[in-house]
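Across the two complexes that follow, chain A remains constant while its partner is chain B and subsequently chain C.
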Partner chain A sequence: MIFLWAFLVGGAICAVGQLLIDVAHLTAARVMVIFVVAGAILSGIGLYPKLIDFAGAGASVPITSFGNSLAHGAIAEVKRDGLIGAITGIFELTSAGISSAIVFGFLASLFARPRG
Partner chain B sequence: MASKNDQPTLPRAVSDQRSFQEVIADHLPRPATGRNTIVAFFIGGLICLVGQAIQNGYMALGFSKEDAANPTVATLILIASVVTALGGYDRFGQFAGAGAAVPVTGFANSIVSSAMERRTEGWILGVGAEMFRVAGPVIVFGVVAAFFVALIYAAIAAI
Partner chain C sequence: MECAFSDDFDQLHEDPYLGQPSWEKAERRLLEEAIAETLRKGKIEAQKVNLLFAGDLLNQIISSTFAAQTAGVPYFGLFNACATAGEALALAALLIESGMATYTLAGAVSHNASAERQMRFPTEYGSQRPKTAQWTVTAAGAGLLSATGEGPSVTWVTVGRVVDSAMSDPYNMGMAEVPAAVDTLVTHFKESGRKPSDYDLIVTGDLAAYGLEAAQQLLRDAHLDLGERLMDAGATYYGSDPSVQAGASGAGCIASFLFGHLLTRMRRHELNRLLVVATGSLHSPVSIEQGDNIPCIAHAVALENN
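Up next, the complex of A and B:
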């Protein structure tokens, strides 16, 4: 069942992104920024973790999840250490995404050439 | 300036006083919003489905449900990086639009393709500086938003 919800919720988030591009005439970069900010806000009010519980990778794979992880890490450290956590906790959960993208991007520029 | 009513016999193109924009609007391709949205839905959904399969694999290896999300994202980024390096993600992105851009694979693609394209401008000012050309704004606004969300959370908790 989790597979069905992952497909439907993940697909729906991408469809909303496509509508923002086609109907509201936003660039893809703007849509990604809006989605990240939306993910952070939905995390703050406690909705996004529930969506991840419900839809699994359907919620944790789209870029909204990146915003959720940023805010989630910050809030967790605010709870533990007080205000300074809003700075120290932000990259707590997003290390995997950013670090792997930097390392693989560097390696790709080392070994691969762009085509076309 | 001849209006439509004065010279009804003139061919349409000559007598028509519609603006240039209105005339060419009939001949421009319309954005296929319906088709684009359906493709984005199915491709985006499929990428999440693959993500779920990978996540279940990590859970079978002993990761908890929450701990499995991070290695899943890293694995998807690895796959997207290899596809980008081999030159496949660009065509895929043109076909799938937001279905390819919104999942974390699109985030990885933007970093890897920027790094590859800017290689000719050198390691420091090319690869190093331009890698985050597209992904940078996402991180900047995401971090700022997360900071204020955490501040507001702390303020509400303090009340």
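Up next, the complex of A and C:
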């Protein structure tokens, strides 16, 4: 059943992105920022983790999940270290993703060239 | 992506890098080749050229600067975005008309990947392109003008005004350029006293599919029915290839279409009286980010067989 929910929820999130591009004429960069901020807000009010429990990869793969992880890391570190945790915790959960992007991007650039 | 009229081009490349290490270096190479080929076909040595007018889409029009350095001729660098070839041709013709020059060169270049990287997103980012988007052509065009010769000749120049398009979407430049194109066309027929029927063909730069339709409507409203005479280089450049969305654009679009395709047709006398209206969106990436409308321009140049 979770596969069906993953398909529907993940598809719905992407459909919202497509509508923002086609109807609201937003650029891809703006859609990305909106999604990350929306994910962080939904995480802050406790909704996004529930969505991940419900739809699995349908909610954890779209970029909204990155916003969720940003907020999640910050909240956890605030609970542990006080307010400074809001600064130090932001990249706690997301550092693996960011570092991977840099490392694999570098590795790819060693043997691949953009084709245009 | 291949131009539907590439048989009329002097050189074609399979490799978008042209054997160079970067898109930008490939772009300047294109213009260098176009200038060299133009001089070769015109049988004129570079030393005899009084002035080169050229431009491109990159910051500080760097491609034209390096191409001018290679050519080693006196140079005026121009920026009018996709209308640059029209601006260059107009200035090159006016300088000869003034008697100050015997030979002038006009040229423009663009490269799809370098332009996308600078004006929108790098192509490897894989950003989705809406249906109104246009494909910046990877091409250069150059023309040699002389005080004497067999023609065709530049017989009229109508310099455009900068017109507020009231639009701010960089993925819909063709539509943004429509008011400027219409303004220049209306001005041209008014100031020259010519009629649309005086031309075999009237070619706008890169209004593309949607812009061309809108321009036809606005021109009819202004009592200028150009009918079948009106053609748009951007809308026809890649034939009916749907992967370019609305059509072609870029400084190299009207440059290669005019100096490659249209002049070949004039030499064959398929066309004898041609009006080219080069259109350009003059925004910068920063002006778009700060919410400014796209300011546009269009220059009309009439070419006639003698």
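Simple rule for what comes next: the second predicted complex is superposed on the first by the 115 of 116 C-alpha atoms of A that agree within 3 Å, B and C clash if a C-alpha of one lies under 4 Å from a C-alpha of the other, contacts with A are read in each partner's own complex, and residues count from 1 in each chain.
Assume contacts are C-beta pairs under 8 Å (C-beta built on N, C-alpha and C of every residue); 3 or more make two chains touch, one makes a residue touch a chain.
This structure is a prediction, so every number in the text was calculated from the model and none was measured.
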Chain A residues touched - chain C or chain B, whichever exceeds: B
Contacts of A:88 with chain B and chain C, given as first, second, both or neither: neither
Which of chain B and chain C A:22 touches, first, second, both or neither: both
First (chain B), second (chain C), both or neither touched by A:114: both
Partner chain in contact with A:61 - chain B first, chain C second, else both or neither: first
Contacts on chain A seen with chain B and repeated with chain C across the two complexes: 21-22, 28-29, 113-116
Parts of chain B lying in touch with chain A, wherever the complex brings them together: 31, 33, 36-49, 51-55, 69-74, 76-78, 81, 84-87, 90, 97-99, 101-108, 111-119, 127, 131, 134-135, 137-139, 141-143, 145-147, 149-154, 157
For the chain A and chain C complex, residues of the former touching the latter: 21-22, 25, 27-29, 113-116
Touch list for chain A against partner chain B, complex: 2-3, 6-15, 17-23, 28-29, 31-33, 35-37, 39-41, 43-44, 52, 56-58, 60-63, 65-67, 70-71, 73-75, 78-79, 82-83, 85-87, 89-90, 93, 95-98, 100-102, 104-109, 111-116
Contact set on chain C toward chain A in their complex: 16-17, 23, 112-113, 120-125, 127-128, 130, 138, 169, 171
